[in-house]
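Quick notes on the structure that follows.
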Amino acid sequence: MRRWLGLYAAAVYAFLHVPLVILAIFSFNASRFTVWQGFSLHWYRAIFQDQQLAESTWNSVIIAVVATILSTIAGTLCAYGLWKRGSALLSGSLYLSLVTPEIVMGISLLALFQWSFRWMHWRLGLYTVILAHVAFSIAYVVIVIAARLRTFSPSLEEAALDLGATEWQAFRYVTLPALLPGIVAAALLALTVSFDDYVITSMVAGVDSETLPMVIYAMARRGASPVINAISALIVVVFGTLVLISEKVRAA
Amino acid sequence: MESILELRGLVKHFAGHRAVDGISLAIPRGGFYSLLGPSGCGKTTTLRLIAGFEQPTAGDVLLDGVVVNEQRPYQRNVSTVFQNYALFPHLTAAENIAFGLKRRGTPNISHRVAAALDLVRLSGKESRYPAQLSGGERQRVALARSLVLEPEVLLLDEPLAALDPKLRKQMRLELKEMQRRVGITFLLVTHDQEEALSMSDQLAVMNAGAIEQVGTPQDVYLRPSTRFVAGFLGAVNWIGGVGLRPEVTRISRLLPSNGGRYRPATVTGSVFLGNCVHVLTRLDSGEDAVAEIPRNNGAYHDGEAIHLCWNPSDEMIFP
Amino acid sequence: MKTAAGWERLRAWFLLPAWIWMLALFAAPFAIVICYSLLTRGAYGGLGTPWTWENYQRLIDPLYLVIVLKSFLMAAETTAICLLLGFPLALFISRAGSRKNVYLQLVILPFWTSFLVRIYAWLFLLRDTGLINTALRHMGLIHDPLPLLYNDGAVLLGLVYGYLPFMVLPVYATLERLDPALVEAAADLGAKPWPTLLHVILPLSAPGIRAGSILVFIPALGAYLTPDLLGGGRTVLIGNLVQNQFTNARDWPFGAAISVGLMALVGVLVILMLRREREGLV
């Protein structure tokens, strides 16, 4: 049985990884057709010369960083608070936000923003995207930190209190340091989730707040271009590295 | 005030469970005191009530004459050595010990930390992290961490339970010695009667949330006030409603003539324990009894008819 | 965890940001959507005042019911395939000994690298001028390109590809916690590998299978990007329908009604699963 299982696993892994590998290989194709015609870095060079790509990538970075900072702070504090004493309403909402289909989240946030624009004469922009990203990333952060807290012994905080620390000081000097690897992992997770988002972003982005996924989507819709292969390969490498770092940190 | 720590009618209920059911205790200054009892008897809960991790359902905890029920752990001048030591893993031994001092803003921290390390004989290990220390060393860091704050009472929650047997015996002496040197009142919680007997100046035996007896080790061992205390502190032979320790139960092949009490019995087995022999017997009246005899007192064979004898003064009688 | 007054205060402060999030960015949007679903479409695609149930009534229209049914079917198929493909993989990983983590990473890794990119990878492979067709033509096996893309099959493939890890991870988690002694006991009592799998391992992995199924079914039900890119507009699922109402069709009230319906479905499924978990005591 073992032998079959191993072979089967190999096949599934191939199914999961080969498409991406092929994508990456053809990003080095000299020709724009799916016939291999020699190795070339042409498409990579094209990326770095594209103004739209540069702007949208920059937007994506800003959004991701700001949203990550906000959601990591809120999520960490939330996970800790729930660890002290649960709240069915809050936990339920967090879980629901995870399973809510992205399109529904997107349109409801859009509805919120448009409704609030009646009272304030504002428009969709980077900030609406940031708020939206915070909205869906908080749950991820909470999950990671909550998992970390499960292995944390409450007696450490008690010891801190016993030695003269107040509750806040116990959190700050004992619990927080212990959570740090988890916080880093959660932040990296939020970063990748935010950077990659298309559906929700496309609904709440303003005219000037185009993100990289939005550009990629437009390109993919228009037709295949090795430029997308190159961008994809870069994204896979960068994200993959971030995820690996995140896992290493989490295991620490 | 005479007693440094006093418990008055202390009660703690958890959902449907009376962990501590009306305890009153007065612990004198400067000694080594123990709370002894089986698991679940409420001794750890009592400790946590004293430390401030639990709030009493009823009754009072008084520290140096002051009621401290409302005070948070960081407001009370008691310190706890936890069973698993609860050393902060991200801090070195020295930083662990300095923790409480830093919170207080005490001056001369490094000086005091060095003195504490010296007291527990860990000088040289100050930059080690808990993960790099042995079980015994971790325990000493935990002790130093608490003692450096000079609490009125040091609470120890089964501190020797996590150590291996040989180390345990050695630590008993060290702890006792440390208490004498430092002069702080130690309150130890344990389920190990040997530990309690060997270290305490006074001890309280607990069962099912209540105190059954308070006294010196000799008091509770030789003159237990209840059957439970008798049985918990050591082995007991129950012969006709009277309790006898195996070490005062002797065996004789002949009828004794010195005025002691005796009963006929049959030998059912023999266990060689190294320093002595336990002879298992069954009395004619049906009870089982164990007699502890020196190892060179000859061998008794299964099935042999003998007499168990003892001095009336060794009897433990309960109402 | 028991708390005392000091902890309660800290906890209250710490939960404040999350409560703000919950109210402002989660509850409020949904409330507004519910309101919108009861309004009427305005003249220029905005919102008009007559409060009405009309939008929900439209949902019953066979035209839209077909889409709902199709989405259900697709989600069910996706879940079933993910289970069939994912369970053996999870089993393999749980028996991989020291290399468990590596194999787990290999499953997680592709999942976290850009959803968009992963869909595009299939576009690259499946289109008429894509790799598969080009390769087949070069080998002389076909003359005209095979219509691999822009159909339900491609969407199903994309959904399975996208959500497989969601099935593998929970099932693995349950298998990992399985007491190996149970399998040994079965063998000891005379069961061969297959019956052991069927009668011991499978039933005991039920919690993981349930969790994985929900984690696949719900997103698949509300999928938008996959059918959009891989289905090319021919495969219309609930997600596409909603998106269309908020962009091209400009019928926000109707789109809102569909969303509310979808969320109701999701809510029911989640409650069912949570109830099962509580009863299961696992």
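Each chain carries a letter (A, B and C) given by its place in the written order, and its residues are counted from 1.
We take it that contacts are C-beta pairs under 8 Å (C-beta built on N, C-alpha and C of every residue); 3 or more make two chains touch, one makes a residue touch a chain.
Since the structure is predicted, the reported quantities are computational estimates derived from the model, not experimental observations.
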Practice problem: Could you work out which chain's C-alpha centre is the most distant one from the centre of chain C? | Solution: B
Quiz prompt | Interface ranked first by C-beta contact pairs | solution = A-C
Self-check item: Distance from the mean Cα position of chain C to that of chain A, given in whole angstrom
Solution: 17
Self-check item: Distance between the centres, which are taken as Cα means, of chain C and chain B, whole angstrom
Solution: 58
Self-check item: Residues of chain B touching at least two other chains
Solution: 72
Exercise. Two or more other chains in contact with one residue: find those residues in chain C.
Key: 6
Quiz item: Which residues of chain A are in contact with two or more other chains?
Solution: 166
Quiz prompt | Interfacial residue positions of chain A with respect to chain C in the complex | solution = 1-2, 5-6, 8-9, 12-13, 15-17, 19-20, 22-23, 26, 33-35, 73-75, 77-78, 80-85, 87, 89-90, 93-97, 99-112, 115, 131-132, 134-135, 138, 142, 154, 166-168, 171, 189, 192, 196, 198-199, 203, 213, 216-217, 220-221, 224, 228-229, 232, 235-236, 239-240, 243-244, 247, 251
Quiz item: Which part of chain B faces chain C closely enough to touch in the complex?
Solution: 54-55, 72
Quiz prompt | Parts of chain B lying in touch with chain A, wherever the complex brings them together | solution = 51-53, 72-74, 78-80, 82, 84, 86-90, 99-100, 103-104, 145-146, 149
Quiz item: If you look only at chain A, which of its residues touch chain B in the complex?
Solution: 153, 155-156, 158-166, 169, 173-174, 177-178
Practice problem: Using the touch definition up top, name the residues of chain C that touch chain B in the complex. | Solution: 2, 4, 6
